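Taking it in order: structure first as structure tokens, then the write-up.
First chain written, first letter: the chains are A, B, C and D, and each begins at residue 1.
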Amino acid sequence: MAIEMKYVFAINFKSYETAYNNVALEIAKTANQLSSKYSNVRIILSVPSVMISKIINIYDDIYLQHIDPLDYGAYTGFLSVDSLKYLEVKGSLINHSEHKIIYRDIEKIVKKMKELNKESLVCADTPGEAAGIAYLNPSMIAVEPPELIGSGIPVSKAKPEVITESLKAVKSVSNIPVLAGAGITIPDDAIKAIELGSSGVLIASAVMKSKNPNKVIIDFVEKMNSV
Amino acid sequence: MAIEMKYVFAINFKSYETAYNNVALEIAKTANQLSSKYSNVRIILSVPSVMISKIINIYDDIYLQHIDPLDYGAYTGFLSVDSLKYLEVKGSLINHSEHKIIYRDIEKIVKKMKELNKESLVCADTPGEAAGIAYLNPSMIAVEPPELIGSGIPVSKAKPEVITESLKAVKSVSNIPVLAGAGITIPDDAIKAIELGSSGVLIASAVMKSKNPNKVIIDFVEKMNSV
Amino acid sequence: MAIEMKYVFAINFKSYETAYNNVALEIAKTANQLSSKYSNVRIILSVPSVMISKIINIYDDIYLQHIDPLDYGAYTGFLSVDSLKYLEVKGSLINHSEHKIIYRDIEKIVKKMKELNKESLVCADTPGEAAGIAYLNPSMIAVEPPELIGSGIPVSKAKPEVITESLKAVKSVSNIPVLAGAGITIPDDAIKAIELGSSGVLIASAVMKSKNPNKVIIDFVEKMNSV
Amino acid sequence: MAIEMKYVFAINFKSYETAYNNVALEIAKTANQLSSKYSNVRIILSVPSVMISKIINIYDDIYLQHIDPLDYGAYTGFLSVDSLKYLEVKGSLINHSEHKIIYRDIEKIVKKMKELNKESLVCADTPGEAAGIAYLNPSMIAVEPPELIGSGIPVSKAKPEVITESLKAVKSVSNIPVLAGAGITIPDDAIKAIELGSSGVLIASAVMKSKNPNKVIIDFVEKMNSV
């Protein structure tokens, strides 16, 4: 599906305690306020499946963190991609560095999500993985060198070539927005990623493990909005 | 944790379409009405993670279908067992026939759930598997021969010895309630399971794939209540 | 590593009974005889790990069917890619349709195999998956639509576009030989695959489940040699 | 199958470099010499699948480290348990701490191995896991607390209750020999395990990572033989 042309600030809640408690709700409130104030940045919250219904009433641009390549059926404790039909989420992360799946499953999920008019944000470790994923034509691709995730060393500064080569590899296949992730800590890291050609950033620990998550979000969105 | 001495009627919603749409909510309403009417039967609904918050307002005796043996942390698209602290569920299914996990992970989950004062209903294929699980002292054990699940051939009639041998194996270790599951289709199948010594049944397709799930539930609960 | 410019006839023994018994040894003998007779076809036998030492004395162009992305260490029942240093095999199948692994693991295995001067034949379901793999620069890529594997419906006739599009996708990245597989049953299927631009075929059931495997091999090699 | 009444000294080669190179062959020679000299100790070598045919000519009491719960068929890169029919091994380790599998798969493998007249040595982390496994009636059970594996802290001294409780739990089900493992470093650790009632030890790093593996083996076997 077509993505509006804004810079994307995607926050992966992961499974930190803050993903499940009041902090999660506070982040949603902040996202809601910022979204109406700053029109050039799209804030996506990728939340635990159990939190969807709690957060949707506060902020509605939310994603799942994973979805299973299954139809409806006799599956216990899996989340069938078909069920997205009934879920208020806009889309889902797929193939995150901490939840890698095989190519065939990425393909099935992305295809089904398109049919359901949902967005797919597929992660890749490298330009090569991103290129293969581009053939599936997901809504967005996020490139994250695994060794930098959670490191505080921003990909946009430590490995800018991963971003530029991923952009080249993806664009040679299809014109899909590419986000940068891994080690993004301060707003300048996001600005740098945008200058390199990416459409935004995927962030996690810098927000979820912060003592003041709302301030971190505000700082990023303000700066990204002014690019 | 101690389980009240009622017969258990546990419905596993699995990932049928009815687990996600209005049928799920109707089942919750029925469960709520029956629970106040029939005091000898405890109805447990094991629902998809994304449905917890939608169903909890209607009926509060709900379980997850699976939970991951993880603490809080940098895990994307997994449901940390720690998060049960914040979830309104009473407990979770563990090691269901369609979501088997290794013994070590069952152990970690059961232990953590006890600390969080949540119930654990661990599934087993056979008396032997049930015996091993009994050493972990979960709240309940459900025994389901995998070849009968979804078959319409009730374990309590086709393989009563699986129930009686499981009871013997479990009770030799610890006095844990044992449910019977697989192929349970009509109320008589549940009565037979109770007569064999089990504390109730775990059911799925007979409810979730029925044209009239509410009637099925009513029939079961009425009959089980009158034992 | 550079691959000699011959057409490749790769036989995946899989885990058929014939992969373990005398048939496997007979196939090796036939492969050895044909290899010295027909210079335009390279015969690769992809055998179970337990068969390497039995077959190597008869025929030496053999591959493993899978290898684990592990260094040496405290791993029980896995086959560390490092161990290839001591194994007489020429290389290994990787990411076969029946043993799919995540991209990150393909990358680690291919990289390590290059260091050990071993060949990597990486499988892909689709042109997109093949393109992503091409960035890893393995020795060869085999494209096999999973729905045709073991079907007797040859990819080269039923889905020639999978071959041609895979060739296009791969060659846009790197000049890697591409094999075609799935449903290859008679020599004409291989000839057709070669005419479409592939460098040979990957075959399994048509040989391993044949009443006369040696005749099948002879027929294929003779015909492929005469292209 | 009945196991001869000797103390068992089982060496798990794991995937150390020494499992694949000349050290492995030297260990086999030593095992062969010791076996004819000391009649009260049975030495079992659990070797990588690729090493079977190399070691069998030197020493014939060898095990696989893992086997897959599969029949013959279209499986690539798995080792079907059916294939044991053609393999010279005496049996296999199953469910090792580093290769845990679900109970259902342990059951399938043990059952099939009995049919093929092969031995099964199933590992367990705890008395509870061991009890469940005892219902499957394998040839032997090895109990290894995972936190002590490779630690150099011997289970027989640091956690003797794991051995005694495992023996109690197993014997309450069936009279299956129980080995002790994890942290076994010196012959006294084995003697202590035997004194606690176990039938021998499962060892790995103390041999495979030693500068003089043969001396370690000789020391253990001499001491165990004199019990």
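Note that a contact is a pair of C-beta atoms (placed from the backbone, for glycine too) under 8 Å apart; a residue touches a chain by one contact, two chains touch by 3 or more.
Protein identities per chain, from UniProt: A, B, C, D = Triosephosphate isomerase.
This structure is a prediction, so every number in the text was calculated from the model and none was measured.
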Task: Farthest chain (mean CA position) relative to chain C - done: B
Open item on the list: Could you work out how far the Cα centre of chain A sits from that of chain D, in whole Å?
Closed with: 46
TODO: Could you give the separation in Å between the centres of chain A and chain C, each centre being the mean of its C-alpha atoms?
DONE: 37
Open item on the list: Quick check on chain B: which residues sit in contact with 2+ other chains?
Closed with: none
Open item on the list: Chain contact topology under the given definition, line, ring, star, complete or other?
Closed with: ring
TODO: Could you please write down every pair of chains that are in touch?
DONE: A-B, A-C, B-D, C-D
TODO: State the interface residues of chain C toward chain D in the complex, per the touch definition above.
DONE: 12, 14-17, 19-21, 46, 48-50, 52-54, 64-67, 70, 72-80, 82-83, 85-87, 93, 96-99, 149-150, 204-205
Task: Residues of chain B that touch chain D when the two form their complex - done: 100-104, 107, 124-129, 131-136, 146, 169, 172-173
